[in-house]
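One chain, subunit A, links the two complexes that follow: it is found with subunit B in the first and with subunit C in the second.
Up next, the complex of A and B:
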């Protein structure tokens, strides 16, 4: 199975970088990342035009409601928190060559436990202690959930792409089962957990609705960036990703490393759910599925696992997600534009990768 | 629990298993061809979904199940062209492109359906079953197995046809060589790119047919995300049968039964939490991966792009 890192591309890119100034490098990687985005917007606009909607009005509304309007901007910042944490997890898994495509299941499993635990604990502990327990609970539950694909991969050599995708389907059903059978609030008619009182939720910042989860997300992304690039542990993970055989020759314990990669990566997805539930949602309904994990995948690749770029891309994505909801409502189309555009983004990314490889080959010969 | 072995339960389980299993046969067969040729098609779910929507539109437009199925197959094939261009010709990462196709197809079909049919939710013309004489008169299981739309029997015929092609024809040999020893194929004067292109296009066609079957014969209408993971299940089934494509039929019907278990249990009046039952097929996949995954035969050059310039 080929690793997410295209070995040749990386090697060539690094070879080139020695002859380039830092500024050139930054501007080149920015253009490389922007071309797929522009491509996705153009094709997305064409689809809107085919449906008889005005693409300029649609994109205008996206910016209006996602970025310019104060309520929308706050919503964007709130949405960024869990997205950043999921991205932080993927920034561990992908460079290490592990395709963790099950973040949606990990998110929901962590979230259900946090949502059930929160209202039970809130009367006894509060503030910092409560949030610490909930964050750890979300992280640990998702990490345990990911042990299934991790063990299958590490001990039985079973490809994690399929197993993590399947575990998302299982996780969604299993969490719905948990809510309906055990965690439901007896005072409501719809199956959902008890609500975490607004007073017990994460503190807010700048006298807005934005809670401190955003800080947690930003710190996580930057910390992961630092660990992956500047520590021995991070180097080990990247070697595993780039050349598993070399890693084995260097005496690394692949089984333990695989478990570590899975649990850390999934843990961040669980933490994302914990932050979102203790920050804004306060409750989990049966059949709850935010389905954002897979959408973060191309963003992390586009950003080449670099913290600053990840933050920029996640912010832009959150703008589009929040703004897209209002814009879709105004255009009277269902809210699936984001899903379509992320698919396009991945396709253009693959194209861009090819162009880059071709141009660097030309340089060489 | 006395309902569990009743006639009603068994016949509805068999019949539902076949209806849910046929799309898996189509898609799993397609994936098997693609995998033999060295292309891991993670976009199968997206191609099925595209076929489901294309088939739905075609059937509504022509008011015919057969035209619908054709449109579905063609849509799947058109989507697989993306995979041909990106993965076979330009050597892009097969997994990234596969996910892209799945997400993109989910988004675009849901958008188109919502924008065009969101107010009316039209139903497609009924697909009339054809009862095979004698066989369909077997008590209890006869109607379940042998009273279906002709496209269900066609799926089984396709499996035997593909199995024959792989075993006894030149193109079949090329397909296997493209997956196992691409350089040898090229050295012998065959074309890896051409062979893989044919394989991926057939995958798209079959996945599209499978998706169209879900809508036209199974559900009777299109809803967003109607394939609901069947594409991924088909990928695992294709890995599982390890090149012996005829086993796709058995595996698909068994998985189809687990998919249709909810309805059968409800008919039998057994009270089991619905979510656990709906979880079952996916749990089964994990169990199957665990039990057989290590022994599963995968071509040597699977998921590796073929590049003439690199040796």
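Up next, the complex of A and C:
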């Protein structure tokens, strides 16, 4: 598997950018992103039709329950918060050529500690201080968890695709063990942590259920975008991603940079968990596995690491996830329809990438 | 003179010419390959050997000239065609797939993989193994074989479709002495069975040991031949001397006027390399007790044929490769344990020869590439924030000063031509005020005019007090600007000697591992 920041595509993209206006560039990247979405909808619609369901009614329900309805819209905004934070982490790792596919494990590890810590701290500190401590805890625990693949990569050159994916399984089992053995609430019959009281959760906005985690997520995505494009640190990471040998030749400290990429990327996944637990869940059950991280991966690629696109795609994904759940129930089909659509999206993305590469090659010759 | 007319030559090249844009790679080449004869082909890098092999093996079509095989005029259309006609080539770099078995490797490219095909292949393998007098287990995985055995499989592959001519391109370069000895036996046996063998090498002693006839190429032309009679009758010393003159030219053709200036006697020693060794993967060290000391402003040339440890030496000096033993001293300070960045901060710069691989980041602009080694530094970054204006202004100045041909500085560097890329990389390193610069083949791929400019700049910098290690395969460049020169051969560096006119022959002898001169 090649590095996510594919040299040729980027070269062509950056080369093209010299002859295009900003408007043309934006419209082109929007078209590039929309074609796979439309393709996925058409094929998904055909499948629905084959199953005897009305695709228009299904998609209509998706929009209705995910975007138009007030309850659905609030749920969509709430779901976006952790997704945005995971995306912020991936926007660091992928341009730097590191395939962090272990965000699910990092999320759960951070979440377990936050869930255990929250109810213990709440009686002593409150409000801003409590959330700051929980956010930092989630970030740091996930970052420490990612040191395993980071060190394996930086010192022994071990492929992080395998190690991060595998560590997710270990992280899930380990967090279940922690809940069952140490963090469980003795007053309940199911193995789970104590519940963070609703009064101690993240403040809500606009007299809705939407908590301030959404703001944290939006700020994180925009900040990462800015850092990657405008700071020396961001440029170093991109150089490592584009040509690691050049980074070494230029005297960059690859070990330190690799550790930084892993810990920052994982830290945002841990922060995502902290936000969701202190904002919505308030509790972690043993065997808890929300498995949201891998779903963010294609979205971040589709957005080409650009903050505005990342936000748009995550919003669209959340609409589809929330709306799709009730639309599936209404149409009496499994909830997996949403995952199926994400799969289609990926295939169309890959196809789009291939077509683009081919046309630009023809262009050159 | 041997009466060649009595025997039909296996292959005859008559007046072969091949030109590439800007260079005539082969000019009116006449070459005769006789059955039962090992024909050694000698010449510097770029003398035209590769093109000649390419023409024989069907990879390159000549612009003019005639090829005769067994007396009949033919055209060799493709590598496959060459193999069908019994001309097989064993290249320097293995073509075998290491994860497959010997037999599967031999069946690759053969259309049939059926059972019958495999049985016939087993028979053919047995036949060729008998011809070579070697044992080859068809079921062993190629990656598990020793390099010498792998090469035997390569030879079998080359002769698979017919045994006429075997071309060996630098066949001993990766072999142990024992492996090389076995190769000599195999080659001797093949010629005794009537094959013609072409033996291409940089090592003079091997060419004379194994060859029945020696032909020397220089700048695309055949500049001399040693016949079997001469090889027998003349003393080894005499032949060596003659061949060296053919390879490197009779007289110095390098007085390009940039000649190094006199070093002042008061200049102090500033850079010292003391018994530096680096272990290799094989039995031989990559660097073997390399030592030299340089005064401020001195240019030391390091000559040698590619692959004798020059790149490793450069990387060791820059900090990109670990030293197993020895010391590197810059201004009385031991630096062999310092990181690349720390050495750069001390004023040690390295101009790599691998411009695509590590010298630049292709998708980034020229502007960002000129500050690649200064990311985060003022004035290009302030409080870690990029200042595009300052970077672009700096890049525009360098582009102007070094005559880089580009529409503007925001172009991705990968879109430039090789020569212009090299100008950007040189500009980047020369823009800093370095103490010591290590150049690895800095003029590679540049045209004559740009080469002269680059050499002049290096000499100018040295006059301003920059100490320079100048690695090159071009003797003329070394003679033009260096104060002293040493030769790398198999990881060892010879004692540096002062550059004087006509030194090329002496260097040539050292480069080819021959002690005679």
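To be clear about the criterion, the second predicted complex is superposed on the first by the 364 of 365 C-alpha atoms of A that agree within 3 Å, B and C clash if a C-alpha of one lies under 4 Å from a C-alpha of the other, contacts with A are read in each partner's own complex, and residues count from 1 in each chain.
Quick note on the criterion: a contact is a pair of C-beta atoms (placed from the backbone, for glycine too) under 8 Å apart; a residue touches a chain by one contact, two chains touch by 3 or more.
A quick note: this is a predicted structure, and the numbers were derived from the prediction, not measured.
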By the touch definition at the top of the document, which applies to A:233: first (subunit B), second (subunit C), both, or neither? second
Across subunit A, the partner (subunit B or subunit C) reaching more residues is B
Given the touch rule stated above, what does A:166 touch, subunit B (first), subunit C (second), both, or neither? first
Is A:183 touching the first partner subunit B, the second partner subunit C, both, or neither of them? neither
For A:131, is the partner it touches subunit B (first), subunit C (second), both, or none of the two (neither)? neither
Kindly classify A:288 by the partners it touches after superposition: subunit B alone (first), subunit C alone (second), both, or neither? neither
Does subunit B (first) or subunit C (second) touch A:301, or do both, or does neither? first
Over in the complex, which subunit A residues touch subunit B? Could you list them? 1-2, 4, 6, 47, 51, 53, 99, 101, 148, 152, 156-159, 161-163, 165-167, 169-170, 173-174, 176-177, 180-181, 286, 294-295, 297-298, 301, 332-334, 336-347, 349-351, 353-354
Considering the complex alone, what residue numbers of subunit A touch subunit C? 7, 10-11, 14-15, 18, 230-233, 235-236, 239, 242-243, 245-246, 248-253
Which residues of subunit C touch subunit A once you look at their complex with the stated criterion? 318-320, 339-341, 343-344, 350, 352, 354, 357-365, 368, 372-373, 375-376, 381, 384-386, 410-412, 414-415
In the complex, subunit B residues that touch subunit A: 42, 46, 82, 86, 90-97, 99-108, 110-116, 118, 224, 229, 232, 235-236, 239, 273, 275-276, 278-279, 282-283, 285-286, 289-290, 293-294, 303-304
